[in-house]
Every structure is written in structure tokens, then in C-alpha cells.
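Each of the next two complexes has chain A plus one more chain, namely chain B in the first and chain C in the second.
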Partner chain A sequence: MMIELENISRIRNNQSIDLNKITALSYHAFFDLSIKLFEQESKHCLTYFAYKKDKGLQFIMAVADDENHDIILLSHFLKSSEKQELKSLSETIFALHIFESEIHENFGVDFLNHPWLKPVRFAHNRANKKSQISNYPFYAIQSEELHEVGVGPIHAGIIEPGHFRFICNGENVLHLEIQFGWQHRGVEQLFLDKKHNLQRNILAENIAGDTVIGHTSTFVQTMEALADKQVSEQTQIERALALELERIAIHTGDIGALCTDAAYHLGSNVFAILRTLIINFTQFWCGNRFGKSLIRLGGTHLPFTEEFKKELLEVLLKFEKQFNEMAYVTYHLPSIQNRFDFVGTVSQKQARLIGTVGVSARMSQIERDIRVSHPNFAYQKYPYKTITAEKGDVFARFLLKKKEIARSIAWIRNLMDNYQFEASKTEKPNYNLTLQTNKLAISINEAWRGEVCHCAITNEEGNLEHYKITDPSLHNWKALELSLRNVEISDFPINNKSYNLSYCGHDL
Partner chain B sequence: MISLLLILISSLFFVGIIVKTKAKIAARKMPSVLQPVYDVVRLFKKGAVYSQTTSAIFKMAPLVYFASVFLAVLFIPIGSQKALLSFDGDFVFFAYLLGIGKFMMIIAAMDTGSGFEGMGANREALYSMLVEPAFFILVGSVALFTNNVSFQDLFLHLKLDTNLYYIIGIASIYVFVYIAMVENSRMPVDDPKTHLELTMVHEVMILDNSGFDLALIHIVTWLKFSIYGALISNFIISNSWAIYWQIAAFFGIQLAFSLTVGILEAFKARNKMEKNPQWIIMLSAISIVVFLTVLIITEKIILN
Partner chain C sequence: MLNEVKVIAHNGKQYIPDLRNVNLRAPYRGRPEISTVKVDEQALVDICPLGAISSNPVRIDLGKCAFCGECAFAFPEKIKFTQDYKISSNIRENLIVKEGENHPILFDKDKIRKDIKKTFSKSLKLRAVSAGGDNSCENELGASGNANFDMGRYGIEFVASPRHADGIVITGPITENMAEPLQICYDAIPSPKIIILAGVDAISGGVFAGSPALNRSFLDKYKIDLYIAGNPTHPLTIVNALLDLTR
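Our next item is the complex of A and B:
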């Protein structure tokens, strides 16, 4: 039986669906349909995971459809009595490799002909306990001329653990392999273990320390969808506002960090100072520079008011003036252009192949932006126009960050001019939401790095049965590996910094 | 003796002034011009930690490095002040004294067995090799110009009095400033501030050195800057000036040199690593211009 594309289950962003309404397919049909779906450029995989259910494994795949602005859900079931073996989709659709690897690691399902079946994060509850960090199967080339350089997991700076292994021919990198799995946090399991929603809310804030707003707002939207709870308009707008502020702050910090790595200390200092302006405003608003405690289930303790609006507009005015001045100098500096241009290029074809999202997709002229393709209420009311760069090199990423900052400021200004904030329009948080039974809810947000996707499933009693987090970094780390092909090893730091991907977002 | 003292005194302030300049430009505060000196004093009080994979070479290297550069200082005259040591062809000896020190540091870096340090050693060797022709062509040209082959006589007889001679002076100073930058692993070839294992050149080689050894290495950096500053000052200071003018001019030039380094570094990003060799060879090209100018002046080439 061949299911036609029109008949498959679809939901909008931030909605829930009955589990039995999700199109259930045989693996054969699932396989064919997936290949058909991903032939289209408007579709990309949000998440693909499995969880233990009844006597087997329930697989769920969520595919973003940019044309219809909704999410396609597909599922198939693998009984434990069957042979735990599936034909790999990654062979045809490489973007799925990381999801299949993850399923393989967690449940021991073999994916036949998987081109790059590697351990993902060495979770405590992985299927094969013999798979250890110490016996990670690194790709190796036997040669007298080549040498390997290993960097990490302990780094010189205060960054997270990750091991980078380069195969080099002199100064040139032939191949880079990145090995994660040093953190063993088990975040997804914690969402099930912690029963109180406030605990989960705080947990969401700590999924990735630099994407507090991105992950927390996705978490609350998922849970609210599960509970069918409508939050006030202003709260939804506040969440989007916080998201944009986070984007401006982190992008500015990244621009500064790139200047540091190019040894341009003037730029590095000035951008660091400018970032402080924005995060200090976030602190003024909610008491935490990274926006912790700002976003809460069902409402907020810290509503945005007209007083904040006045302050924010002043901060933005000051920020924009100084930022533009410094950016003009930095982006026109010949030595900066010389350093960043034509380094670490990822072509559009490569980027599509590996399924990059967010900034890492837009740098190669792929218009992939959840704010445009799957906008939530705030972005429907105040539309955002996405922006792309062309070349996919370090300079493209450097430039894109600057342009996105300008767009975000313009978006915030438009919002400030047209929306009247009042504390009375918001509600207090509600942690005692009753979740609907046998539902699946999915939420996606365009955080500063790219799309954050949370997916939650409830059982018959209305308890969380599975919680799945997909950080944009999971899609994008491969892009860094590709960037380094045939690039000098000394260009690694600027490449790494230009992506600024998350280690803990990967090591959930 | 006076020239040795002058070089030693000016070396104490050199790195401090560079850092202070950069800090000022980047709107940051910096404790004191003497902070590098305090750091070195602190390091001298500490013991050194040695990796178990290293051998005697690693322990010897900083001392040899220091000794060789210190010996090189003795060959530098300033204005009419004679150098402590001098003989014909001493500038070749001078260049290879610096070379010995560098060679020891390179093999010491390899001795640690670290992949990073090997990479740094490889780069340092390449850049030193490329900068060598610039130094020899330049000093050789000046030697040809003055018909003298020791540093001391060469500078004593260097008189820049006609327009064509100024080309030699200006080009030489330019080349010496950048040779100093390359030799000391400063921008745009290397930057001591960006501590990234994969991008560093000189800094990565000394990652394993600590305490007393590290202090010696820091002092060598000061001395090297001061040596090149002294060489530059010789192109400007005339030995017919009164002695106190010469000393004042020497310090003035050292100050200007360190400020220049600071300013050059503050407003610029570093080179892409693969473009460094090209950039360093440019220095040799300029030296060749000096060489041709000298040939014309000394009428070894007659232009029609």
C-alpha cells in the first residue's frame, strides 16, 4: 500500500496531535515516502527518534514543510520480536545520519549500509555498554606522509569538552572528525524523571547555557500545546522579543570573538562591550543576563512594561550607533577581509546534503528560517524577513551575523512602535497544567543558532512518556567538519568560532 | 659598555610599552609599563616543571637561547659608543648566534613530543629561514656601501647625506622593524595574545616551559626587540652628535619603535598562515631594492 503525500498527518507548529492519528507505515513504505519527501528542497528533517512502547520501538519522524508552513509526521513500529535491523535512509539522505546513529546507539537497531555509523553521545542508557569513548572508531588513513593532530577534550580556553581529530598533510587538513559524548548529562531522561513542571522549566533553561531563551520558549510552547493552554498575546510577544535580544547579544559576542581569533583586539574589545549593553538590558528586565527565570509555563512573573520599552529603545539607539561605527571599520578592514575571505567554504549543495539549519544554512543561501516558514503568533503579527549570505565561508558567516543583528533591531523597533505593553495583559505562571492523554506535541523556534525542536509524548495517564530535544548544533556540526576540508589547520579556530556550535546541545 | 647598558635598560620597558599602547587604543586599562618585569621576577622565584617525556635538551634550551642572544647584544654599537666585541664579519656571527638560540628552542619544542609544539617549531623554522635573506642582503648592502664588514665599523662609517642615501636609510629601517616583528613572533605573522594552539607559532613552542625557564625566554624577547631597536637607531643617530644627545635619541627611537609596534598591532588583523611566507619574502624584496641602490651609488652598476 502506497500512502499518498496528501493523506499524511500534518500539524502546525506548537500544536498537538493524537498519537493514533499519526500516519503509521510499514518500514518499507516509510522508507520510500521519506526519500520522496526529501527530494523536495522545501522539506527538511526536524527530528527522527525512537522510544520504547508496548513491545517494541515506536519511530517518529517530523519533517518541516516550508511550503505549507506545517510539520509532517510519520511513524513506523519495530516489534522487539523482529530482527532489530533496518535499511539505512542515510545512504540516500545523508542529513538523517545523526538521527539514525542516535537510534542505533540508544536501542541497538542496526542500520544497514549506514555510511557513517558512529557513537553520538555515549548516554548512560545506551544499548551497547561496550561502546566507550576510549574505543571510538576514528576514521584513519594509513600513510607515512600524513599525521594526526588531536585537540581536546580539554581545551586551552574555557569551553566545553569535545575532541577534534585532524588528519593533516603538513599544514593542510584532509579530514576532521569531531568526537562528542564527554558530558553524559541525560537531559532528556531528566525531563521524565522530574515530575514538577517548574523543575522541568528550569531544566529547559539549562539545556544549553547560551540558548536559554531558545530552549525555554520551545519547552513552554511544547508543554502548553500538550495541555492545550492558550497564553496571552503579550506573553507570546515577550518570548519572541527575548529571543531576538538573545540573538543580538550572542551574534555581537561572536563577532567580537572572531576578531579576537584574527588578533584584531580593537574589534574584539568594542564588540564585547556592546554585547554587555544588550545582556545588561535583559538583566534589567528579568534579573539575569542570559534571560533565566524570564520564560515560565503558562505566563510570566516578569511582564514587559512601557517603562522597559523606553529603556530598551534607548539601549538600542546607543547600541546601534556604536555597533555600526565599529562594524563599518571592522568589515572594511583589508586584513580582516584577507583573513576571513574564502576560508572554510561550504557550498549550498553540501549544506543541503548534511541538512544544516539556521545561520549555518543561511550562510550558503538556503532560506531556512522558522520565523518565516513556521511562524508562531508573534512572527505572524510582526513578520520577519529572512536574510542569507552567498559564499558559505567564514566571511559569509561573519557578515550574516551583522546583518541579522540589524534585522532583529528593526523587528524589535517595529514591535515597540506598534504594540502597547501592559502588565495586566499577562497571567502568572501555571505549573499545574493537566496534560492531555496519548498526545504528541511539537514546537520549533528559530533560536540564534538555528531551529530548536522539542517534541513531547504523553501516555494514557497524561504523564510524559518521551521528551525529545533537538538542538540546531546536532544538524550543524558536520558543516564544521566539511569546512575544514583542504583548509589550513591554523584556520580551524576562526571556522569553529564562526559557527559557534553547542557542545552541550549535542551532548544532551 | 655604554651601548650594552643602554640596550639592557631599554629592553626592560619595551614589551610593557607595546602592551600599554595596544591597551590604550582598545580602550582597556593596563597596570603598569613594568608589569612584564614584575611577571618575570615572579617567574624567577618559581621552580620549573618538566614533562617526563623531555630530555636534557629541553632543560638546556632556554639557557642556551638566553646566552646566545645576550652574547649577540655585545656586538651592537650605538652611535659613537663602541660595541664590547667586534671583528670583521661579525654580523654573520651575530645572525647565527640568534640562529643557535632559535635552533635550541626548536629542538626543545620537538623534544616535548607534543603535536602542537611540533607544528609551532615547524612554522618558526620556516619563517626564520625566510627572513634570513632579508637580513643578510640588507646588512650586506650596507657593508658594501661603507666598505666595512663589522657592525661597529659599518655603522661608524654610515653617513646618510644625499637624497639617494635616504632610500637606504628608510628602506633599512622598514625592513628592520618587520624583521624584528617576525623574529619576535609578533603581528602580522604571529600574535602572542591569541592563545589558540593551532594558530600559534612561537607561543606554542614554549607551552611546556615554566618558572625560571619561561622567565629567561621572556627576557630574550625583550632583548631581541631592544637589539633591533638599537640597530635601527644606528641608521638615524649620527656619531658626530654629543654623547647625551645620542643617548636621548637612542631612547627616543626605542620608544618610537615600541609605539610603532603597538600601533601596527592594534589596527590590524593577523595574516592568514599560508600568506605569511609571501609576506616575509616581501622583506627580502625590499632588501634587494636597497642592494641595487647601493650598487648604483657605489657605481658598480652604471645607469645610462
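Our next item is the complex of A and C:
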């Protein structure tokens, strides 16, 4: 059976579709079509997952089509009576490796010829309970000259747990493998177990505490799509505004953290207090420095007003002045340039191969940005123009964060100049949404790390049957591993900080 | 060099001189107050997404509270969040706020181990362990030492090794997969040592309470010396809690 590309099911960002309208293929056809799709640079995988349905496993793949600004949906079904093995797509399209590994871990499906079939997160409901976090199958070496260095799961700083295993030749790192799972809290299952939508809303805020707005706005958009609920224009704009504030705050913190690791204390201190300015504004708006309680289903308790606008413009003016002054010094410092330049490079070819998203893609001149390719209402009305860096090294990431801060500020100013905020333009939250039956809804947002994707499926009673979260870190951790190839082990911290990827977003 | 001096001059003094008395602006939600006004108590109990509210008399357990404010939005005449950020105690039950009893969250100084004040009042080095934390409490622990909050002025710091530490700060609901590393880290800290739970996830599991992916048995084995509420807990809350415990 040959399926033409024109006939496959497509939806827009923040929309839902009847389950029976999703293109269902034999695995053979699914395999061929996927390969054909991913030959094009404008397509990348948002998520690929499986869930138990009837007497087998239902597989769903969502592919972002940047050219048509929509999302392609493909599916195939594996009966439990069939042999639980499939030919691996990762062999050809490496970017899918993590998704196939996840399906393998959760359901025990074998992917033949998978190049790197490893445990993903040791989920509590994994298929093989004998696979233990204390017994991860690290890539190993037999050599007299080489040695291994293990770091973690608990790290020297105040950060989340993860284990890093380096294979080194003297100071030089030949290979890095990162072991995850320490942060696994069973988030996706909890979305199904919690029956009240407010509980789910709170849960979404706690998926990743540094991406509160990114995940929560994606959650509410997914659920609103399932319920066919349209929120007011202002509420949609407020969500985008909060997303940009989150980006400015975290990028600023990251720049400061990079200064810390390069032992530049002035930069470290000044960028840290500049971040405080932004998150304290967020607290002034919603009561929480990270934006918890701000994004709510169906509306908001905390509308943005002209009073907030006045304060925000003042904060941004102060921030920008101090930021630019500090950045001018920092980015011209020979010691910083020397430390970050040409270190931890990921080429555009590598980045495409492993399927990076967000900052980790844009650092290598890949223009991947959901605000541009799949803009929601706010970014349609107030367009954002993507910036990229060229070299894919630590300095590229360091520079890109600075440029994205400037662009986000410009975007916010444009919004402030052109939109009149009024509390009366918003509605109160609505937690009693009735979800449509037998639907799939998908939402993507460009959070500060990259695209956050949530996908929810309802059953014939309109209850959630499956909830799938894809944090940008899932796509991007491989980039850190590649960055460390032929880099001094002492450069690990600057590489790690320059990505600042999420452990809890990965482990869920 | 000259440019760097300019930066320092333009930034001026950034530290908050008196961390004990800062006026945070609403809508920051600190310690709630519950009035004696009669409302539909069952509706109030049901509205809390984390089961932190109980009735007869109405109580809010700040160890379970995400400070989402939904109760106050729905029953403004009954519940009001003040800007009092001192929401920590050495006694778990003291985190429960009762209807009509509007007083600060109390420490029971008699129940603080005697060697804590003696050993740690001038210098306290802590090891942070994130055990399923979402990185917001972790960020705030880090911010407690930045130029604004500057907890280092009291000799309180986070250190890179349990061997250098006087105690452990746990964030997150304690995942099954982190149970063993947490135990190993705690065992590696020399005595006398303290255990601090920071944030709602650590204190009660928060929104993750009851998840089969957690293993909170560590908490059954030891006496907890300090509970710091919040989601995440604010740097001002953290610094004040540590001072109240050790001084």
C-alpha cells in the first residue's frame, strides 16, 4: 500500500482530531513513509510514543512540518498476539533513537538493529523490572591507556541528579554517556490518575520548575483543544508574554552561571541579580517568582493590566541598561572568549542527525522555532523573528542567549505599545471542561530551551486515556554528549551550563 | 577595568540589609489567615488540589499547600494570604494554620536539639540533594546565596561534598530511584548533622504524593530538624528558617 504525502492526516498546533481520522498504516508503510518524510529538512519528530489499547499497542507519531506550518500524524498498531519486535527506524533516522528506546523500555517491544538501545529513565511501570538503575549498561572500554570517570547522580552544586560517565585519555574526553532516571516521579501516569483538572494544572506546573510557563501553557492549550474551548485573546497574549519573561530570566541566569564556571565573578553576580529583577516582576504579577499559579485552564485569576504594563516597561528599561553594560564587558573579555570559543562544538550536520530543538538547534544555524513555524495566536499577531548562531560551540550558545534576550525584550515592547490590557477582556479559569470523546489533541510551544510538546488522547467516555509529554531536553541531551568529544574534562561544566538541560523534564 | 568599575557603581548595593523584615508585595502568597466567617466548608475542602485543607475547624496544612491561592480566589472572605514569608518550623504540626488563630508560624525552641545551636550557630555548611525536585526549589536554594539575599553573611553556605557538610537539605518528593543515593549521601555526613526538608514536595510529596514512583522511607528513619514550606520555597523563607533553627 503506497500512501501519498498529500493524503496523510494533518492538524494545526493546538487542535484536536478524531482518533479514527489519524492515518493508520501497516508498520511497513509507516516505516517507508517516515524515512521519506525525514529526508526533508523541514520535518522533524515532535513525539513518537505507544500506549496500550484494545489488544495491543497503539503507536502515534507527530511530525512538525515547518513548511506547511502544521503537524503530520501517523499511526500503526501492534497486536499483542504478534511478535513484539519492529525494525528500527533509528538505524536510518537517528533522531528517533530516544523514542524507540522509550517504547522498548515501557512495553518491551524490540527494535531490531537499533544502534543505541539503552534504558531511558527506569520508569516504575517499565516492562522489564530486572533492568535496574544501579545496573545501567554503560558503553565500556578495554584499554590500558584509557580510564573512566563517574560523576553523580548527586552533583557538587545545587542541581538535579544525573550520572555522567566519561571515558578519558588523560585529560581528554573521548566519550560521555549520561544516565537518567533519578528524577522519575511518574508524571505522565499521574495526569491520568488525577481526575480533577485543577490537580492536573498544578501537576503541569511542577513538571519542570524552570519551565513552568512552557509546560503549563502547553498543558492548558492541549486540554482546551480537547474541550474545544477558546480562551480570550488577552489570555493567549498573556501566556506568550509570560513565556518570553521566563526566557529572559532563565537565559540571564544561564549567562551568569557560565560566568561562574569561567571564574568571572563580576559577571556571575551581576547577571544573577538581573535575573532577580525579572522573576520579581513575575512575582509581582502572579505571586510566584517562577510563574506558578499564573497559567490556568480556560482563563486566569491574574489578568495583566495597564498598571503591570507600566511597571514592566520600567523594569525592562532598567534591566536592559544594566544587562547591556555588563554584557559589553563580559562578551569582550579575552579570558571568556578564550574559554568558550571552539569548545564543545556540535556541527549543523550532527545537530540535524540527533534532532536537536530550540537553542540547541539554533546554535548550529538550524532555524527551528515553534514561534515562527507553528505560531499560536499571540505570535501570529505579534510575529517573532528567529535568530541563529553559527558555530555550535559554547560561545555560540552563550551569544545566542544574549541575543534572544534582546529580541524577547523587543517583542514584549512591541506588544506593550500595541495592545491595551484590560482585566475585563479575560475570563476566570474553568476546571470543569468537558473533553470530547475519542480525540487526540496536540500542543507545542517554544519554551526557553526549545519546543515543549504535549499530546493527550481521550477514550469513548471523554476521559483521558493517555497523556504524553515531550520536553526539549529529551531531544537535546545527546548534543551535550557529542559536545564533550575531544574536549578536556575540565570543560565539562561550561558545556553543561551552556545547554542547561532538564533532568526532571527528561525523567518525568 | 574602568568599565567593570562602572558596572559595580551602577549596580550599587544589592544586598537586602534586613532579611528578617522585608515587605513583599501582594499577590505574593505567604502565611494564610483563616477568618471565622461561615462558609460551605465541604466546598472549601474540595477546592484544594493537594488536600491541604481540612474542616471543623478549618485548617490549612502548609506542608501540603502549593500556595496556588485557589481557596482564597474562591472564598476571599474566609481565606487571605498574607505576605508573611516566615513559613517554616522545626515541628511539622506547627505548619498547620487554624481558623481564627492568626499568629506567626512558631518554632518550638525547646524541641530543637541542643547541639544544633551550640555547633552550627556561627557556621552552617549544607549539602543539597534534589530527589525528584523540579528545579524551582533548587534554584531558590541557590538564590539564597546570591548578592541579593547573601546568606553567606551568616556563615551559611552550600558545599560540594557531604564530607564538608553539617546537614542535608532535601528537595523533591524523593523518588524511588534517588532513595539509595540520598541514603549514601546522608551516611557520608559527619555527626552531629541535621536534616532539612525544603518545599512542599519534600515535606509531603506535594502533587506527587501517592505516586508509585516515590520511596519516602528515608523520612521514617530520622527526626527531621526543619520544615520549610513553599512551592518553591522563597529565599527569604529559607534564610529565616535556617536562622531560626540555629540561633
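We take it that the second predicted complex is superposed on the first by the 508 of 508 C-alpha atoms of A that agree within 3 Å, B and C clash if a C-alpha of one lies under 4 Å from a C-alpha of the other, contacts with A are read in each partner's own complex, and residues count from 1 in each chain.
The rule is short, and it goes like this: contacts are C-beta pairs under 8 Å (C-beta built on N, C-alpha and C of every residue); 3 or more make two chains touch, one makes a residue touch a chain.
Computed from a predicted model, the values in this text were never measured in an experiment.
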With the two structures laid over each other on chain A, which partner does A:153 touch: chain B (first), chain C (second), both, or neither? second
Contact-wise, after the overlay, does A:181 reach chain B, chain C, both or neither (first, second, both, neither)? second
Touch check for A:288: first (chain B), second (chain C), both, or neither? second
Between chain B (first) and chain C (second), which, if any, makes contact with A:93: first, second, both or neither? neither
For A:261, using the defined touch cut-off, is the partner it touches chain B, chain C, both, or neither? Pick first, second, both or neither. first
Touching A:133, do we find chain B (first), chain C (second), both, or neither? second
Which superposed partner A:198 touches (first chain B, second chain C, both, neither): second
By the touch definition at the top of the document, which applies to A:464: first (chain B), second (chain C), both, or neither? neither
Which partner, chain B or chain C, touches the larger number of chain A residues? C
Considering only the touch criterion stated at the top, classify A:335 as touching first (chain B), second (chain C), both, or neither. first
What is the shared patch of chain A, the residues that chain B and chain C both contact? 156-157, 266, 269-270, 273
Using the touch rule from the top, collect the residues of chain A that touch chain B in their complex. 147-151, 156-157, 171, 259-266, 268-270, 273, 333, 335-336, 338-339, 343, 488-493
Touching residues on chain A, where the partner in the complex is chain C: 122-125, 133-134, 153-154, 156-161, 181-187, 189-190, 196, 198-199, 201-203, 205-210, 212, 253, 266, 269-270, 272-273, 276, 283-290, 292-293, 301-302, 321-322, 325-326, 328-329, 502-504
Interface residues, chain C side, partner chain A - complex: 3-4, 6-8, 10-11, 14, 24-29, 47, 49-50, 66-70, 73, 81, 128-143, 146-148, 158, 160-161, 172-173, 175-178, 180-181, 185, 201, 206-208, 211-214, 231-232, 234
So in the complex, which bits of chain B are touching chain A? 22, 25-28, 115-116, 119, 187-188, 191, 193-199, 265-275
